[in-house]
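Each of the two complexes below includes chain A, the first together with chain B, the second together with chain C.
Here is the complex of A and B:
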């Protein structure tokens, strides 16, 4: 009962925040509100029993996305111009009509939490019943992610890989290599003692938490995607505190690229080893004598690959934005 | 009180959020604001998937030893959305990177001014 009321409250807040995001003319405010929106969304996911998704949304949506938005805003503009009144009324008409159609369609679907809904009777019971026996660990989400639907995850890792390469292609191109194109002077928060001291204290613990999430992902909420995002957050915090150049000296761009390529290849390589051992692609059970242990080894390895690829991709995307200097007039 | 209709509240919020995001995409002229709208649109879809995976009286799909007859929520939508969130931030950054280059080339990211400049 309390959960229902709390859920209704959070969902209503989500709608209010979304309206505020669309209404504000200041893009910095929109970026910060989007971070709050993600945090509310993460709380909602948690109420809806999706602990792993809540962890991902909190780390990626509220953390990394906000930083990337802000670093892109630094290079573009702070305010948006207003919309034409005629466009606005046409858009509102379209949106209201579509909302009503969607809501009417909604009442034909199953009520929230109905155990007989079609989505619950197909493959989900198989996953829940067989995870303990086949994998020997309790987190069904990790089992589905890395083993039952390992092909999907491989594809997703390569999408992240391609997107990171794309950002590098678009933003890392420079007009020349002279001194005027060199990295800017150290800025960071060098002269602000309190954020620097507190941030510096937090970084080791964030990384430690990232590793915990990575290697405990089979037993509790977590796994490669969340861990990669959390570790990337620690390095981004370091870059914000100490300035771009110091951060790149600690963790150079080549190492980030190596991390992306290495992570994605590690995942693919496990699949190829499975073929060479006489199994099918990503069928971990052939890796060792005992199929359960073999699956665990395979899953830990590919989760490590996912974590490396995600961490490298998010870091290299952040540094692509951060290393670029604003050109011309910024309103 | 009758809770029959409260069960649809998640889906109603999904419809509203989806359309708020869609409104930003079609009506706003600022390219960054369009991407913000697209993120809201995407989050609304995530909310729908996760709501579908909820089972009455269920708990997070992490099996507990020695507990019988425990109902677990559906893990499959959670897996799909977990990966989609990370892919979402990667593709969003690609969009932002293109916007940054447009700003550098044309000096503006307002759609109308871009059309005039061409």
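Here is the complex of A and C:
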């Protein structure tokens, strides 16, 4: 009962925030509202018992993307440009048609928590019953993500990889600069004592929590995606406090690229080692004598790869935006 | 006996937390300008956080959950006022002046002018 009340409350807030995002012309306000939207979404996931997704949404949606939006807005204009009347009608038409299709679709979907829903009778019972026996740890989400559905996760890691490369191709392309840009010495928040002191105090704990989430992912909510995002927020906080240049001196672009490539390669390499050991691609049970321990070793290794790739990708995307100087206001 | 006392004390603290959140919310709507509004909303950052987490710790007793709650309380107590400071500082340096009568000690804001337009948009 309480869950339903909380759910209704959060969903109504989501609708209000969504309308506010559409209505506002100021893009800074829209970016902050999107952050609130992600936080509400994370709470929503949490009351639906999807703690792993909630953690990702809070770290990436409310944390990193807000900073990336703000860095992007620094390069463009603060205000939305007016739209043409013809495109507006087209947009309204698309929205109305999509809404009608989605509403028709909900009539056919099962009620939330219906035990006879296809998702609950297909492969899910097998995963739930066999995770403890095959993997030796309780978090079914981690087992599904990294072992039962290991190919899908490999694909996701490469999506992150390609996204980072795409952003770097678009934003880092310029004439006459080497890999280390001649950045002007930025101040960051150097003259602000309080944020620097508090931030400096928090950064080690944020990184520690990131590692906890990384290596505790088999027993609690968490794993590579969440940990990578949390560690990335710590470095982004450092860059915001101490300035772009100091942050890049501490963690250079080459190291970030190495992290992306290394993480994705580590994941693939585990699969190749499995083949060389006589199994199929990403079948961890052949890695060691005992199949359960072997699966755990394989899962921890690929989760590490995922964490490295996500952390490196988010940091390079952030630095790609932050390193670019505004060339002129687009009005 | 002790259990009942801690439960009652916890309930009282939770009610205090809810009341200060409510007062903070009313203050944000009722106060005339940015700085006084932030003053009202900082009540939620400090008093409400302290009361809410102390109440929850009293409810959960000496468990791992209490320790986690204490850690979250420390985190929120550190970051909330810092965010308030950063917001006030950003507002001041972008030229939003507090509506005080122009006395001799009134400091000059770092930015300049256009304070009414900024207030409208924020």
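FYI, the second predicted complex is superposed on the first by the 305 of 331 C-alpha atoms of A that agree within 3 Å, B and C clash if a C-alpha of one lies under 4 Å from a C-alpha of the other, contacts with A are read in each partner's own complex, and residues count from 1 in each chain.
Just so it is clear, a contact is a pair of C-beta atoms (placed from the backbone, for glycine too) under 8 Å apart; a residue touches a chain by one contact, two chains touch by 3 or more.
On a predicted model such as this, the values are computed, not experimentally measured, just so you know.
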Touched chain A residues, chain B compared with chain C: B
Which superposed partner A:280 touches (first chain B, second chain C, both, neither): neither
Partner chain(s) touched by A:130 [first = chain B, second = chain C, both, neither]: neither
Contacts of A:160 with chain B and chain C, given as first, second, both or neither: first
First, second, both or neither for A:325, with chain B first and chain C second: neither
Touching partner for A:192 - first (chain B), second (chain C), both, neither: second
Chain B and chain C footprints on chain A, overlapping residues: none
Chain B - residues contacting chain A, complex: 3-4, 6-24, 26-30, 32-33, 36-37, 39-40, 43, 46-47, 50-65, 71-94, 96-101, 103-104, 107-110, 112
Contact footprint of chain B on chain A as seen in their complex: 4, 7-8, 11-12, 14-15, 18-19, 21-22, 27, 30-31, 34, 37-38, 41, 44-45, 48-53, 56-57, 60-61, 64-65, 68-69, 72-73, 75-77, 80-81, 83, 87-88, 91-92, 94-96, 98-99, 102-103, 106-107, 109, 111-115, 117, 119-120, 123-124, 127-128, 131-132, 138-141, 143-145, 149, 152-153, 156, 159-160, 163-164, 166-167, 170-171, 219-221, 223, 225, 228-229, 310, 313-314, 317, 320-321, 324, 327-329
Complex interface listing, chain A residues touching chain C: 26, 192, 194-195, 198-199, 201-202, 205
Contact footprint of chain A on chain C as seen in their complex: 75, 78-79, 82, 85-86, 89, 121
